[in-house]
Structures are given as C-alpha cells and as structure tokens.
Amino acid sequence: MIKVGILGATGYAGQEAIRILLRHKDVKITELARFSDTDEPISAVFPEFKGRIDLVCKKIDPEAIAKNVDFVFLGLPHKAAMDIVPVFMKAGKSAIDISADYRLAPDVYKMWYGAEHKDKANLSKAVYGLPELYYSDIKKAKLIANPGCYPTSVILGIAPALKAKAIDPKNIIADSKSGTSGAGRKPDSALSFCEVNENLKAYKVNEHQHSPEINKILSAVSGGAINIVFTPHLIPMNRGILSTIYLRLNKKLDTKAVLDIYKDFYKGKPFVRISDEGKFPQIKDVVCTNYCDIGLKVTGETLIVISCIDNLTKGAAGQAIQNMNIMAGFDETEGLL
Amino acid sequence: MIKVGILGATGYAGQEAIRILLRHKDVKITELARFSDTDEPISAVFPEFKGRIDLVCKKIDPEAIAKNVDFVFLGLPHKAAMDIVPVFMKAGKSAIDISADYRLAPDVYKMWYGAEHKDKANLSKAVYGLPELYYSDIKKAKLIANPGCYPTSVILGIAPALKAKAIDPKNIIADSKSGTSGAGRKPDSALSFCEVNENLKAYKVNEHQHSPEINKILSAVSGGAINIVFTPHLIPMNRGILSTIYLRLNKKLDTKAVLDIYKDFYKGKPFVRISDEGKFPQIKDVVCTNYCDIGLKVTGETLIVISCIDNLTKGAAGQAIQNMNIMAGFDETEGLL
Amino acid sequence: MIKVGILGATGYAGQEAIRILLRHKDVKITELARFSDTDEPISAVFPEFKGRIDLVCKKIDPEAIAKNVDFVFLGLPHKAAMDIVPVFMKAGKSAIDISADYRLAPDVYKMWYGAEHKDKANLSKAVYGLPELYYSDIKKAKLIANPGCYPTSVILGIAPALKAKAIDPKNIIADSKSGTSGAGRKPDSALSFCEVNENLKAYKVNEHQHSPEINKILSAVSGGAINIVFTPHLIPMNRGILSTIYLRLNKKLDTKAVLDIYKDFYKGKPFVRISDEGKFPQIKDVVCTNYCDIGLKVTGETLIVISCIDNLTKGAAGQAIQNMNIMAGFDETEGLL
Amino acid sequence: MIKVGILGATGYAGQEAIRILLRHKDVKITELARFSDTDEPISAVFPEFKGRIDLVCKKIDPEAIAKNVDFVFLGLPHKAAMDIVPVFMKAGKSAIDISADYRLAPDVYKMWYGAEHKDKANLSKAVYGLPELYYSDIKKAKLIANPGCYPTSVILGIAPALKAKAIDPKNIIADSKSGTSGAGRKPDSALSFCEVNENLKAYKVNEHQHSPEINKILSAVSGGAINIVFTPHLIPMNRGILSTIYLRLNKKLDTKAVLDIYKDFYKGKPFVRISDEGKFPQIKDVVCTNYCDIGLKVTGETLIVISCIDNLTKGAAGQAIQNMNIMAGFDETEGLL
C-alpha cells in the first residue's frame, strides 16, 4: 500500500485521478491540494465523492505533502510544476507531472510556453511517460513527464509505421478532434455551453503547443527530424480525442500488412487495441477507459490511421496511474480496467 | 423606417435582436453599443454578421445615441438600465428594457436585486411588455419593461385559467426547464460545456429572482395575492424554456373545456398556439420563433399545463420587437415570422 | 465465485450489467444471450468490451443457460421475461428481472402492458427489489422484480416523508426528467439525435406505465391508496433521472426537520446520500454510480424534494446487482463503488 | 409569384425548404408530397408550421403536381427522383433534384448507388447546381442536380487553388466533420441520441458515395483526373459541416497570396465569405444560413483550408432555392438572408 498525493485535485485531471485511485487496491490517497487559500473537503468541490473520500483539499505546501506521500501527481497549470517538483525529488519521492513542464528541452519550452525553465537538473532526468514506447525507462524513473492528450493519440497512431520505416517522415498530417474537458476546468466564455454546443471549430491551426512534443517524440522514434502538420478541433462532447492521421506509404503495403506491423508493435501492450480490417474505432468505446483504439486503411499511397483515447484517462490521469503502476511494480492495469 | 439602437449588443439578447431586426422591413439599426472601451465592428464579435451589417459596436454614450435613434433596446445587466433610460425618456425616445430594472416596485426590486431604484419617476410609467395581456397599454407606452423569460412562459400558461377563476390561486406550482443561454454570455465555470452537458440540475429552488415578477403579474390578473412555487432547472441545450405547471381546478372541468378557455383567451393573438387535446408542445417547435406553444390536460382535480417558448425570442428580443411593432404601429408580427 | 448469465445482453441495461460485473470480484459471467438467431461475440456488438470479455452472445435458450448459471439477469422487453423466468425457478436458480413483468398485480399489468400474465405462480413470490425498502425480503428471495427507473427515483424521494405521515398522501406531484437511454436501444426516429438534441418535451403526461408501479409501492408504504400526478420529460442527455417532487406538508416542519426524517430513514443505506440544507443534487454526481442523491426544501406548506439517479445503474443494472449482492450474501456494495 | 411544390416534404431537406420558402416574397408553396398513403397536414408532421402553412402533405402524384407548380424540389431518397423528374420535364416545368440522381455519369452512378440510371435523356441535360462555379449554366437550366452537402463544402474549399494551378492535384485530402441531420430523418439505431451523443467516429473511410461527385467536379475544374482522399466523420451536433482540407502547394505562396486567390475567385458571390488572415470559420456562424465560410493558412508546403456550411441550407435546401432564384430571375439571395 503506497501513499499518494494529488496536487491540482480540483481540475479535471485531478478529479479523474481521484476516481481511479479510489478503486486501486494498492494505493491510499493521503493528500489533496490546490492553489487556493480556502481549505475545503473535496466532496464540497465534487459532490460525486460524498461518502467515498473525506479528505480536505488544502493549499499546496510541497514540503508538508512530501512527508506524507510516496508518490505525487501534479495536475497543475503549465509553469507551476517546475517550482514544486524539486521538493519531491529532494525528499526522494516519485513524481508524475501531468503538465508540460518536463516534456521539452528548455529552449523549445521557452518558445512555446513563454518561460525560462527553472528546474533543468530534474528536467534532464525526467522520463516521457508513454509506456508503450518507454516502458523500461519508466520502470526506473523517479520523475515522469506525463504525455499530453493530443500527443498520446497522435504518437501511438504513427509510431509503428514510422519505426517500420513504412512511411515518408516528411509528409505527416494529424487532424485531431477533442472533447471540451481537454481545455481544463476554468471560467472562459469561449468554453461556455452555448459557445461549444452545436458548434465545431479548428483552433491554433498548426500552432498548438502540443506540436513540439509530438515532433520531439516522433523524431526520436524515426531517427530524423519530424515536423508534422497538426490541426486540433474542438468538439461538443465532454471527453475523448479522435485523431485522423494521413501518412504517405513509401513502399507497397496493403491494409492487412500494415495492420500486422501495428499488431506486432503493440503485442503485449494491455492498453492498445487494433481494430480488425474494415473496422474503425470510435470515442464511446474508449471513454472512461485507459485504452487507445487504433484502426487503419490503406488507399493508394495513403495510409489513414484513426486513433482514439479518452483525453482525461489515457490522455492524462489514467496514463499517469499506468506509469505509477509500472514504477511501483504493481500490475500495469491495476485500477484501470 | 425607424432608427433603432441596441445597448448591450454583444449579449445573447442583443445578438438575437440584431438577427431579427436585419430582416425587419421598417427598421434600420443605427447604433450598437456595449460597456467596453474598445470599439469593434459587430462582425468581429459575432462573425455570423459578416457581410450583413458593418456597424461598429461602440462604448455606451446615451446622449449621443439618443440623437440617432427613435427606439432603443437595452439588453444590459440588471441595475444598469435605470441609469440610462432617463436620458432616452428626456429626449422623447422610446425604450424597451430587457433587464429587470422596470418590472418591479422599488421595495421588491431592492429585496431581489439588492439595490435602491434610481429612476422611480419612469418606473411608475413603464408598461409590462407582455402583449397578450397588456396590448393597449403597450400601444401608448414610451417605456417598456420587457418580461423575463421564465415569467413569459409561466404567466402565459396560467393567466387564462386564473382569469376564468377556474383554479385555486393558492396552489400553483411551476416547474421550469431552461436552456443555458438564459444565463447570459459571460465567463463562468458553472456554465462551461463540461459542467452543463450530460448534467441537469435545479437551482435557486423557489428563490429565483423571477418569482416576484411572476407573482406580481399573476396577482394583477387574479385580483388577489398570488405566491407560486417555482423551481427552475438548467438543461443541456442552448435555447428554450419549457414550463410544466400544476394547477388545482376549483370546478369540474374536462380537458376540452379548459382548452376552450385558453383558445378563447388567446383568440387573435398571433404568437400563442394552443395544442389540440392529447398533444403537447416541445421546445424544437418554438426555437428561433416568437411563439408560445401551450398544451394542457386535466387529470382528476389537477390541471397540467405545458408552456414552451424560446427564451431569447419570445422570452427576450423577439418579444421586445413585438412590443416595438405595437408601439410603432407596425404589423405586430413584422420581422418575427 | 458465482456464475451469472445475462439475457438481453445487447440492450443498454445488459451492457451496463456487463460493465459492472466485469469488476465484481465474486462473479464470473458465463452466459450472454439475446433474441436473435445470430451468434456474435459481445465485443462485436459493443467494441468497448474488446480484450475484456470474449463470450459469444447467443440466442436465448433458457434450459441450456439454466445449467450454466447460479444467477440470471433478464434485461428483456416487457412481456418476454414471464415466458422465461419459470425455467430458472424450476431449476432452482435465482433470477432478477429488470423488465416490468413481475412488478404489478395481474389485472394492473394487463391494463398497462396489454397482456394477460402467464406466470402468476412466480409473480406471487417475486420481491420488489428496492433494497432501501425491502432489504430483508430481498435477502430471502429467489425472484426479484427489479424496480423501474422512474419509480426508483420517485419512491426513494417520497417514502420517508410518507412513512413519517408528514405529508398529504392525496397531493403528490412528481415531475421527472430522464436521459434518453431510458427509452432503450432500438431504431426509432423519435429517439434519433436530431429529434432529441436541442429539444425537450413532456410525454405520456400522467399516463406513463410507471405510474401504477409508483402508486403500488407508495400505497404499501402509506397504508392507503396513493395516486400521484406524474409527468415524465425527455432530456437531451444520455443518462440520468432527476425527479422534482412537490408534496404538501400536513404538519409544521422546517427544512432541517424534514432532512432529519430523511437521514434517519436512510441511515446505514450505502447508496442514498442526503444533501445538506441549501444544497441540491445534480445528475453528474450520480452518473455511472449506484447512488440516489436527495435534496429537499420546505417553502410554506410545500415540501420540494429533488431525487437523482443514473437510470441505467441505480435505475436498472446497478440496482439489480445490488439485489444480487444481498441475495448471495456478498457485500451490498461489491462492484458498485 | 411562382408556384412551387416540394416532394419529400417530410425529410429534413424538405422541412428546411418549407422554412425558407415561407419567407420568400416571390414564391407560393402550392404542393407538398411524400411517399406515404396517408394524407396529413404538414403541421401535424412538423408542429412548428402550425399557423404558418396549412397545406396537406399528400401522396406523390407527379402528374397531378406538375399541373399546379412552376418549380418542383425533390428531396427524395436516392433512386426515387429519376422516376419522377421526367414527368416534370415533359410538362415543361423546372425541377431541382436534391438527391444524387442527376449528379453522376450513368456508369459511376451504378457503381456507387447500385442501380441502372433510368433517365439518361434528362441526366445529360442536368446542370450541377453549384452557383459559385456554374452560374450561367444554372440560369439557362430546366433541371438542376443540386450538390451534395460534403461536395459543396469540399469543392468550394478547393476550387480556387486548383483553378489557379497553385496546388498538386494528386495530393488532396479532405477531412470532413458533419452534423447528424446529414444522415436524414429515419429510424436507425446507429443515429439514435445515445449512440451519437458523447461520441465521434469516422465512417465510410475513403469510400463515401460523395467521393465520385467531388472528384468529377474537381476534375472538371482542374482539367485532369482528380482522386482525393476523403474521410467523413459524424459529430454530435444537429447541423453543419466543417471540412479541413490539406493541399500541397506547387509554388511558393504565403497565406496572404492564397487568400487573394480565394477572394478574387469568389468576388461578387454573395454566399462565400473569406476569413481574414489568422481567422478561421466555425459552424455556428453559418448554421441556418446559406453561407460558405472559408479560412486558410499556409504552413511550409501545405495549404490548410477550412470550409464551413450548414448541410441543410447551403448543403441542400438553401442552395436549391439559390438555384431557383437564379433560374427564375429573382435576386440570388431572396429568402436566404
């Protein structure tokens, strides 16, 4: 039984982490905290937890929390984690940062997030927490940079074909559609029901801050510089990301042959499911699960890949707990099925 | 051709007023304004208007606007209109206030809106703009207190039975369900898509600020003090109010007899439609229209009335323009069909 | 470890039962069946189950199924269960019928469902599976009539006040709002997305088939004949029922006093949560849970009670499994938290 | 004043045509018909029309209808129009077919719709009713093949760049997202609210029947064979199509230069609006309008074009009425603003 704290417990990722950890047999939640001077029972913020957990969500005090946890999840706004993570590293605790703070090299981070990185020492040791690609590194890590939601769906959809050198690395397009919880829990009239419902729009067209993250990891997979075209869209639904990915085959392969590449790549990975030929995944089959469902089709020289996740589970809190399971030596799927 | 200004042009009621007035043959919109120091073309705020109207939405300057309009619509937050209306009254212009500022007696207003009324002189002359009840007063008015959205649906659903003395005035329940645009256009995390979608809740249970307005008008209809039980609910849809009203008959009447009372009451009223026996109205038949659809059923001593409107049209901007049509001597339905 | 079968596994209640039972530590699903001549893996019908359960959903063959289960859940259309239940009773197995077939006396059943009851022998032994009212009967039962979704929310909202003789039993109004899954999984253009979305309507106004079920149980609670006014509404959301209930107090009680009656009534019941004074429940806090959340307010002589459940969980499959837990001697909450 | 009939008046396109024609000053609707033996007032099918139009929707009798109309709109299932159109052509009337029956060459039609074409004579005279491309042909036509919804959004988004020979015609990808009304008004459990809401999926991946239509028209624009990659997606909203189109520039052009090409191409076209640099269109600005809003961005060699329409207006009934306006010599925008 390990002791776990959640910083940023009142955001959507924090809420999802609580939900999952409440059914995790090897974990006890011991600390909940947020940026606020008001202490409040978590069930006052999220009445769904009434009768299930009676912890008070406190103001973030890293030193105090570090004494009472083995693992900490940070579901904080970007730029906040890098002030806090050092405390936990110094105290010898394990940390999983759900923000972008430990995902990018300092210069790229500065370009996209507009701030100098303040914790380069730990940044250099952080492991990118995509278990389907970096399992053994995660097993040994103390600090995880948990992947972004779009990157999770896009990278998992492209990596097998790229690794197999089956596609042109210069010609990658990802058209992603996300539910609204991806934007976080905050007052913003652009996210109000009447603006999102019965609407649909592209945003940050090829200039989303997840682009450098996708490019960094795909470049590592490919061994050469990758620079994809990436268009995110906002969809009137709460949860889920579906990425439709357009790739150019550089050898003659049919759908079945590519499916074999993907099935082989993800063999033994409990959270990736490959659809049979002629079938494609849909959001509702992955919502509230940690699965990434992938379907694909070859048409001429084009390989169309469709990759689906729940942005709050596999795209955030679920993957974070999958990482914790690996780091702590638990069953990788504990709490997640 | 009259000249019309809209104050609060960037709210949902203002937007709806622009939409309707753009197809009104006797009106030219000459002024758009809001509380903001930034001048901006209205099509920059609402791109739907691109190519249709090229007015700039300016900071509210009542004196300047009064010189360039015959009629003014005020779609401002409560407590703002009473500072501005006097300017238009003094200039001899007609004003239709969509807020609550001219609907209640000063003491009641203070109790529910928490402010002293600053324009009692004009308040005493304002006419409650529910044309189905106050047509001839509206015709002569210079200042209209445009009804609230809930009151419109509830009062129209109850008035005929109450006027006919067919029901117990002490035993009136209105269970109202509203789309989210009723809450206005503003940043508020409680109104964000993820909070409203796949959710449903009652709020301000029997303490909504529309209660005194409903009670005031129904008391006037009845000739005695009315104090209804009123529960509003927030529904995951953009537009529309459906009120399910429970009344106690004080004489033996069947559904057909009550339908006759309602049909008779609304004879010649172009925007009220009474459903045939066995049929009930639904939101989608009134959305984006100025209709109030009403259906009813007698069961034992209980009369169930269902009353539907679009909260932004009959519940706000549409009714305001219906009032303008009556005041200006236009066809009552101009721009509204 | 008991063996469980689900008949009607491809309906929404069947799907929900599978979801819950997959995380139930004392159960193994051994049989899935439906009315269809096509055998199909359940994961072909519901791809969400891919990799989680590989059973084939077969044509219903009660005799064969009875040999391979200890418990059976019947999530079939009304009028189908009464042909099948006798087989399981004869084989000494336990059955939980989620349809209406074992809820009503034969004459009432015939009036509302239009068919003669074919299994009066077992009907007389069936126990109404509302654990908060009939725990000890359920414990001894072999056949459960699992409550309807509306009745669950309405009865739980009224029973404490009625039992305490605090309200007028002749003056009960329930205004219920349901998500669309309550209508079942079937082709019906009235249930299509475009008809339900951005719409809201009342239906079967005071003539819903759940009325006699509510009246029967409330009459038993009260000791006299109850005949409530009941208006169901269809809401554009997938899951959840919120019932707003209007009762007339027959003694002077304030909100706090009534809250005490409710808290006392549900003391020790793990799935009913009473909101604090001034708070009211909302759908999203009970969705995908087996909770019934209840809030209330006294205003004058009126008691307003708001009762929320998930129609597929506490209103169908979750409650069915709660019943199974009680019957089998498991922890009442196993699989349900 | 011309007399107009609508066949298929009870489908979504028929309903939309009625809505628009009711505010068209030069048109009188004289006939409404559908495939059904039951005559019914149209307001019984669509209560929104109560008090606005009292025509009875009759069984389709082309000869009888032809005597009482100048123009006919056919909003019928594919394969039905080709039996009926000849009657109207023979009678010298004008017809606008909203189905696919007159859009494709007979062999292509057979391949995609599975039927021999039965009216090749009129097929050869039919004009493709996309006014932004074929205005002068439409002006002289008696029979219009009204474009499909996806083709309208995709072709308008690509034609200017293709015509200007600015892009590689071999490398065109259209990723389209459609509201659910595009699937028509019919009982289908895959279209039910609970299946579509909180879900998102691709379907008919690169094998949608609109592909040959898009390819045919783009080939004509380009002067060479075009074969695009096309992925449609189903979105949980009622109305609207947003197509995100990925093109490869074959010359060095920046965003501004491409915007100039588009603005020039659509100069004087009342229903195409080009977004300013840095802005992109969204569904809610075109819903219930006949506009096609287009925004674009150059990134490296890729040109991303985003094109938005309302599938029932510009994608069906609105465009049909735009065609009628042109054919009849009315103002092109009459009834459509």
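All chains are identified by letter, namely A, B, C and D, in their written order; residue positions are counted from 1 within each chain.
Following the convention adopted for this analysis, contacts are C-beta pairs under 8 Å (C-beta built on N, C-alpha and C of every residue); 3 or more make two chains touch, one makes a residue touch a chain.
These numbers were taken from a predicted model, which means no experiment stands behind them.
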{"item": "Touch-network distance, chain A to chain D, counted in steps", "value": "1"}
{"item": "Chain pair with the higher count of C-beta pairs in contact (C-D, A-C)", "value": "C-D"}
{"item": "Chain of greatest Cα-centre distance to chain A", "value": "B"}
{"item": "Averaged-CA centre spacing for the pair chain D and chain C, given as whole angstrom", "value": "46"}
{"item": "Computed distance of Cα centres, chain C from chain A, in Å", "value": "37"}
{"item": "Where chain C touches two or more other chains at once, by residue number", "value": "195, 197-198, 236-238, 281-282, 284"}
{"item": "Touch-based graph of the chains, sorted into line, ring, star, complete or other", "value": "complete"}
{"item": "In the complex, chain B residues that touch chain C", "value": "173, 175, 177, 195, 197-203, 205-206, 227, 229, 231, 233, 235-240, 242, 244, 246, 280-284, 287, 297, 299-300, 302, 304, 306"}
{"item": "Chain B to chain A touching residues, read off their complex", "value": "12, 180-181, 185-189, 191-198, 236-238"}
{"item": "Interface residues, chain D side, partner chain B - complex", "value": "22-23, 46-48, 50-52, 198, 270, 273, 275, 279, 281-282, 284-286, 288-289, 291, 293, 337"}
